[in-house]
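The letters A, B, C, D, E and F name the chains in turn, as written, and every chain counts its residues from 1.
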């Protein structure tokens, strides 16, 4: 049986990464994965949260939101509700943690990079598209600091991208689920991985279902295929800047 | 003395209205006024707020928000603060009131049209661009109901657009202020007007300043010039649909 | 057709301004406009909000509230709801902005004047009565600073008052709408004006209606009649203090 | 040693109870105790809270608030803080409980009486003045229902009033503490009592102090003196209506 | 008529006070009164709230909460509701006030002792059990400071315990009400008393009922019986530490 | 190098599961894992959340909290803050999702089982201890429904338990991290697994670190060792009831 949009099981949707999308942010990207569109903006702030003050070390934090009509039916705004949902908090924490894993925080000093991921259109995979796009926005912003001689070394150690994999009944293991697939999947896994193949985050969930170790290994294999293509798209978007990442350190481990 | 971006005193910035910008909403528009960009999405809901139930009449309500980096420095999200600011509330109420003034609410029955205006880039005039764009998104959404034979008459009575005018020291009265102008203006006025030249809303404010009746009349004259051009841009964006507005009723009053 | 309370179209309701109404505030007034009653209290605080610190300049801010039974049916307290409504925020911002326009903020130094307007009985026009009463409370409070030699000049440049005008179907343009008129008016306009006839704030709204330029001019004319009478009532309430306002500067522009 | 305002130890401050203070509420009173002034308004609502539905029984609930400048220095509004303080909650609960104890809730059917106590000027004893005034406002509101033949019996069983007593170092036991006394008292006790001398509420507190049984008995004796005078003031304010209370039942127990 | 659990009218339920219940707090106790179980933990913080800074004096504050299933049917968490109820606030304020009355706050310097009372099982009397247990936890924590030579004198002046008494129809005055008794009692009174028999807090309430002076005296007599037994249990729990309390000062007054 | 508490790398801490810990809940357990202690209570409610109404299917949801002094230094209550943190939300969602995966929700009809996990003492692994204990509390509660003939089949399909594994620098892969280990681990992974060895949830995170596929496989192997021992402890705690789980269905897949 084939997928609802005709893709092969291990095939990503079309990816576009548009650099310098907005004029004000230090780094700004519009990432499109299939019909999912996310604006990722990076902001540099000259201080760190209280728990880090005086340690000479930087911080990266993320916020995530969706326009009310990013979704098929309208979602109430979190600002109107007066609180951020648990789902949003989980995603924000995930994006921030993932980005921090590939940045040399010591080298950027007492600065915070805020990465805002605003989903303007959603069709599945918004959190993984956010990470993939946020990495590019972050790289652009940090490069501005580097070009301005405010950083001694280029602080990004490796490429980082994210995708989803899952198990769909009667279809099997698939890569990069769209919304329709995601809402019927027995198992859903988000994978955040670096260019050297290291895992940063692995979140596999069986909602009213479970998965075996054999399935897990297939899921990881599909994830790796997707991650490598996403990193290639990031490189193309970054152009000349692409070569700076991991330059001194080398990609391989 | 001339304006900081070289425009004539009574000159609008460039206007673009991109129809069907997102796939999910019943009406979706990206409006660009100079460097200000607002996504306006209209959603149809099959019920009205409690205070209107049982009256057989529809309602139109608006929500307004800005991406954190729509602005030059990052603005904290209202969702993170846990509340909507006074400025946002004022703008939401203004947009809703303005749109309701040109729609025959009885003819749409017990439905609510939600209009979401999300500013992705701000350079002054976000509330007036929101109204101008929201009118187009609303028209598209109501037309869907009309084409689906869910409405007996086309419910929009007239075109509606909004712009700002102001008084700037050493420059005088100007049309369509950008952010730099807005932040130095002695007097700031938002005008919402219909195609027949009727006022819907007039909000003039002297922040630590005042204005005379003579200045008021000049402001209104400049406003009218801008409004008529904005309505022309709305007509072009709407294409064939443009003719339905005020069709039976006639534009003139 | 005549008005529901027998007044002429351009006739204000009875005005009373009772000075030194409460014992604790630096300035305290009970203003009565027809059946609308508002307690206006001014408080002097020896610091300014964060955005003004270090600029050697003062600030004036307002808060507005209604007793639950100021209105015909009971209104839930905003404290119980846990948030201030959009209407209240709009009014608070309006009162503060209006008062700031006639005060020389540089001359009062780094002080904030809080003006609390608490409506104890409402019958239309509560926001304009608040501004008119708040001006008197503010004058008394600033005069205390001046008498105590804490200010080099008397900081109030001109008188300031506010009233409402509107268009009522089958009645036409009217001045100082009571609640019944307000709730049926097609057009509603709040005017804040100084003793020299300058506008500070003009907010005209057609709720599901519009208004022409000809109507606008009539509305402004009626507004001016009301404003001048309100300023006369302020002068009488202030007694000797009345002469200090605009003394050095002269009223006329 | 005598009291700071020259009163005898067992002397109340001046009491005034002004009936029909505001026009909208079903019962409205301005009570003045010395310099403390509280507006008490009663509202009748034709339903009960969820926990009482279907039991054919009524409910009485109270809300309490102070104007920001009721106090010597300005107190932040609870609406601005977004929450009601613990002190306010305690007082609201006390007022409601006290009033319920003298009303035959079964006889009023599924109605809620809201009693709003808004302190416009505070000089100690605001909670006890609120109870004493609220009793009168409640009586007027319930009498309207009774006069309209909506109640079969007059539902108030007895008079109810409240006062404070305390122990002040170097002065001893005193009745009806003003703010200055209250802030230096070692022991503070609020007493709510009926015309037949029964206790409804007794709240004695030693803040960083304690009190003996002997002191307790003196405190109660002073309280009774005050309560009887307050009930006399209530009778006078109620005029003809005064005789209806406890009519059928008799005051004595 | 006898009580629903077979106790005599003036009989306490079984008391257990388990010292050092948890490992992290500076003082930790599990108190069991009948089927009511409360964990009381004391935390020492090296600063005082803003209103006390610079006075060289300490502070004691309490927080109170119940597990959702401490009660027979599940109670919604206050964290999920986003606010603390009035009942909780009243109890927290009572516990803090009571504890402060027997501690020499000057002698502990600028420190705050937080006492957390978490009810894990509720069967009436949770606030009085909290006070009785909190006293022991507080004593243990303050003794740590004393043993570490951080305090010059042992700062606790007297023993302090709390219990409830009440009037139940057809039963009369009773001591230490369980939940079933509490929910049917006509009069409910909480008594906080010291080892020398002084009152710290007396809160008697007739919910839809009243009580006479004669009943009051009986209630106080029963209270005293309970308090002395509770203090005995505290002494036993404290072991050697028991002798330090009121050492220099002597128990009797 | 050995672990800080002397355990072998693949050794669990001591486990105790005390059944029927509290008297009110339908299922109640105190689980102790080393020094971590969690009270898990299950409540049965006869309705489902709105999104499930009318589908004839049940729901399981969880809430998680910590006492302020469960931790080494005091943590502010979420109720006092007025909101639930992102960490808490993540954990609550995880516990609910995990439990739902092994229950036949169709067979329990339109009921919600609330599982409250309250950590009274924390030393690492509170979320996994919560899941392991919650499973037992849930089983007891569902068994009550089953014994009362309210369920046709015993609805639990398999045993479910959770543990953590991680990578610690200079130590390597370890099982069941205590707090000290957790706060220094380079990689942290939570594993929720069933008695048949299927995964329900896998959450591996490198905080400022990454992990290879080889490390992942070792982590999973250690996890499985722990899970099987935890399930054995659950069986022992459940006693006779243990045999009902997966009875008809068989454990193996």
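The rule we apply is simple: a contact is a pair of C-beta atoms (placed from the backbone, for glycine too) under 8 Å apart; a residue touches a chain by one contact, two chains touch by 3 or more.
To keep track of the chains, here are their UniProt names: A, B, C, D, E, F = Ribonuclease PH.
Everything quoted here is computed from the prediction, not taken from an experiment.
> Steps needed, at minimum, to get from chain D to chain F via touching chains?
2
> Which neighbours does chain C have in common with chain D?
Of all the chains present, none is in contact with both chain C and chain D.
> Would you kindly tell me how far, in whole Å, the mean C-alpha position of chain D lies from that of chain B?
About 52 Å separates the centre of chain B from that of chain D.
> At what distance in angstrom does the C-alpha mean of chain F lie from that of chain C?
Computed from C-alpha means, the inter-chain centre distance equals 61 Å.
> Enumerate the residues of chain E that touch no fewer than two other chains.
Those would be 82-84.
> What pattern do the touching chains form: line, ring, star, complete or other?
Contact map by chain: ring.
> So if I start at chain C and go to chain D next, what's the full loop of chains?
Cycle of chains, anchored at chain C and oriented toward chain D: C, D, E, F, A, B.
> For a test of understanding, state which residues of chain D touch chain C in their complex under the given definition.
22-25, 28, 35, 39, 41, 43, 45, 63, 65, 67-72, 74, 77-84, 88, 114, 116, 118, 120-121
> For the complex, give me every residue of chain C touching chain B.
Result: residues 83-86, 89-90, 92-93, 97, 100-101, 105, 189, 194, 197-213, 216, 220, 253 of chain C touch chain B.
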